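We call the chains A, B and C, going by the order they appear; numbering starts again at 1 in every chain.
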Amino acid sequence: MTDALTLSQVKKRFGPAEIIRGVDLALAPGERHAIIGPNGAGKSTLFNLISGRYPLSSGQVQLHGRRISGLAPHQINRRGLSRSFQITNLFQRMTVFENLRCALLWARGYGYSFWHLVGRQSALNEEAEQHLEKLGLQKRRDVPASLLTYAEQRTLEIGTTIAGGANVILLDEPTAGMSLSERDHAIELIRNVTVDKTLLIVEHDMGVVFDLADRISVLVYGQIIASDEPDQIRGNAEVQKAYLGT
Amino acid sequence: MIESVVFSLLNGVLYGMLLFMLASGLTLIFGMMGVLNFAHASFYMLGAYCAYSISQVLGFWGALVIAPIIVGLLGALTERVGLRNVHKHGHVAELLFTFGLVYVIDELVILVWGQLPVDYRIPEALDFTLFSLYGSDFPAYRGFILFMAVAMFVAIYLLLVRTRVGMIIRASLSHPDMVGALGHNVPRIFTFVFAFGTGLAGLAGVMAGNYFITEPGMAFAMGPIVFVVVVLGGLGSLGGALVASLIIGLVTTFAVGMNYSIADMLASAGIAFGQDSVLGINLSRFGPMLPYLLMVLILIFRPRGLMGSRES
Amino acid sequence: MSTSNFPGGAVVRHAAVWIAAIVVIIVMPYVFTSSSSVSMMSQMGVFIVFALSYNMLLGEAGMLSFGHAVYFGLGGFLTLHAIRAVNDDVWSFPLELMPLVGGLGGLAFGVIFGSVSTRRAGVTFAMITLGIGAMVEASANMFTNFFGGESGVSGNRVTEVTLLPFSYGPQIEVYYLIGAWTIVAALLMFLLTKTPLGRMANAVRDNPERAQFVGYSTTIARFIQFALSGFFAGIAGGLFAILFEIMTAPNVGLIQSGAVLLMTFIGGLGVFFGPIIGAVLVTYMQIALSGFSEGWILYFGLLFVLMVMYVPNGIAGVIVSHFAPWQAGLAHRFAVPYLLAIVPALLALAGLVTMIEMGYHLSLAYDPSRPIELFGMEITATSVAAWVVAVALFAAGLVALRWVAGRIRQRWGEVNQAMDAQRAKQ
């Protein structure tokens, strides 16, 4: 079976500085994979490379065996990969409901239509309501996204990421800044909404990582120094050295 | 034929250098502050009018020194009172602010000096013929303009690259927080840069106002072309502004001089074709639109301009 | 103070508002009967459509264009040429549908120029539109057949080919024709905001990255929005052509583009009816003021600059920002501070207007020592006393205004806090 997401010798240089120095990664379909590493290791850069925000300096990224490196972000999204952002990236002036509805438009085939009235599309609206319920945001349905609490915004961020039906999901520090109860909530949510999907998650919170992940990769100075099951990683001397510096 | 080429060359270079004097301030302001000052040509016009008023009392040489300073102070005032408040709303708001400023300044000029052109003249000391070429006189004042334009380029270059002030200014653009943390007053630096840029525009106005006519429409006549120059040369690039000014100056001057159409050229080669089509249009009529065509093409294919280092 | 689109949308969504608008349009000429009023209202209709089309770019999609008059003007020129063709019996097409010619022309040029402009965003896009606008205006001097040279192109709107039994010669008939088109165009543009394209245009404005990650190409979304806005601008141009029966090169140029930018911004970008307010107000002020004062452009410029600095949401934005306090029952808290602001504002305004009018009089009048009539008084511009009074009024008004502004800001803070507290209880 083809891997859901494959990175082959991915390198990225900004001027003279090589940030990503040859990363190889392969995610099986349905796998939940976490990337951890000290600050400045290049985790966000890696996400940006996969999702098409930055071009690769060399190497390849493949989605279900087909090359996506070099495509524009919206093209990658249409092939079935979606991502959330470290700094909340919502449509601030739209309501929660409208944010979710927008996330569905392309996936449900509306394209750039200027002859359908979104208010009248019952299937579309029902589906948006369902996502609203799954996220637990029904009470905040008509609130502009900018007025939500931080945790609610992060929840909506996750929601808009998965709504379109992408089957490879990239989550960039989804629980950053949350309190413990909010975090537990978020973990539940992530587990529920990524049931049949492939998940690649960057996280600093080890609790989240060990709870969710099937496999963990450790990124240090732009290279993966270890990639294994959680228990193996926990006991790995190199990893400890990288984090603790001894 | 050679005559007309030589004349077009001389006039084109002159016009180009005049454009450069205006464009230098604009590209500096953008390069240093990221602000595209729509009202730049309006400060140029203020320079001409101030020079007129001052020269009534202190003569041309007094005006040459004082008028740019006054315009620079007005620029500082504008930045301090207006632009500074608008920075926080983003680049679009800055553009809108300077856009509105055009209306305000242009009207204030009419309010103070009236609607008719004013009699701002070339000083007698410079009102002689430098040399004669093919029967036409080359006025000394033109030589003076060329001299001043070159002097401006050299002076600005030295200021930016060789002095401490210049270094601080250059650093403020890319790393304002760091420069601020080092103890420099970044907002004041920005005010200074804006004042310096508008002062340069004022100086250009002092030079050009008596060579051309000083009248309320002069800002609108020059404004869009200066933008073309700055975009073509690359926003923030002084060298680019020089090169682009000369290109635009020469292209428009040559185009205006070509008083025939492509069809005419074909006809003189014995081919009768195209008189009723686009080819039959007199090439001199293309002149006014050529700069804008160049600008649009550059923005599409190479937005950073000929010599710029980053996209706006 | 964050302004949500929502309450304004609720107002416009009701069919009642549209019906009321239709009634107003029908009834207005009976209230304002003079022919100059009817002519002014006709112009308002034209510029309402133009400003709404511009807001499709700036307000809805975040695209600042300095060259929108290109589509307005070219649409108008095409319409006039079509009218002339009917005048010359070369073509037959009813006058009522002529604005469509303008619209299709605007659409065509919107597609052509849009395909190059929308590849870039932000300031680069703005500069491209500026360049295209200047280029088209400069090319008028090349294509004299189309643009008609110095005197422009004129036609006769009494083409005798009409759907309804009117000649459209009289002002009042043209008014109703424009009124009908204004309603249709405004309604279509309103409905457009409710379509997938309209929503994604907003999305691209707010967060181009997120828009890409829900599957949309920001370039294509903006391109289609651009082309459609050209369509409606062209309709406005066609209406203009019918109203004035003449088009000249400046109609495609930078000054005309600047005017629609001014109108739309002053009216308010973030709300659908903002540009309508802007178009009505600016058209009124332009016509009414230009009769009274030489300085009407200066007043506009100052108003615009002050709004960019202090009221960037426009008049409609200010109105809409009061909806939430109104619903929360807190609107009365503003009564006192706003009332307090009236006197200082009037003083400052009086002082400023006096200074400006005196200034113009001194510079432009044949005999500056003759007194001017202002606020029902006779004022001599050459007297020092008059200047001292004017400056004092202005200064005093400003100082008082700054103090009241502080109070108003404070009151807003209190009201916002109260609303947050209410929301928390829910």
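As a working rule, a contact is a pair of C-beta atoms (placed from the backbone, for glycine too) under 8 Å apart; a residue touches a chain by one contact, two chains touch by 3 or more.
The model shown is predicted, which means the values in this text are computed figures rather than measured ones.
Of all chains in the assembly, none touches chain B and also chain C. Each chain gets a centre from the mean of its Cα atoms; the one farthest from the centre of chain C is A.
Central chain assignment: C. Criterion: smallest distance from chain C-alpha mean to the mean of all protein C-alpha atoms. Chain geometry summary: the mean Cα position of chain B and that of chain C are 31 Å apart. Chain centres here are Cα means. That of chain A falls 49 Å from that of chain B.
Centre-to-centre spacing of chain A and chain C amounts to 43 Å, using the average Cα coordinate of each chain. By the touch criterion given at the top, residues 51, 53, 72-74, 77-78, 82-83, 85, 89-95, 98, 101-103, 105-107, 110-119, 142, 144, 146-147, 160-161, 163-164 of chain A touch chain C in their complex.
Against chain A, in their complex, chain C makes its touches with residues 2, 4-6, 191-192, 194-200, 202-203, 206-207, 209-218, 220-221, 224, 228, 270.
By the touch criterion stated above, chain C contacts chain B in their complex at residues 64, 66, 116, 119-120, 122-124, 126-128, 130-132, 134-135, 138-139, 141-143, 254, 258, 261-262, 265, 294-295, 297-298, 300-302, 304-305, 308-309, 312, 356, 359-360, 363-364.
Within the complex, the chain B residues that touch chain C are 36, 82, 85-86, 89, 91-93, 95-97, 99-104, 106-108, 110-115, 224, 227-228, 231, 281, 285-286, 288-289, 292-293, 295-296, 299-300, 303, 311-312.
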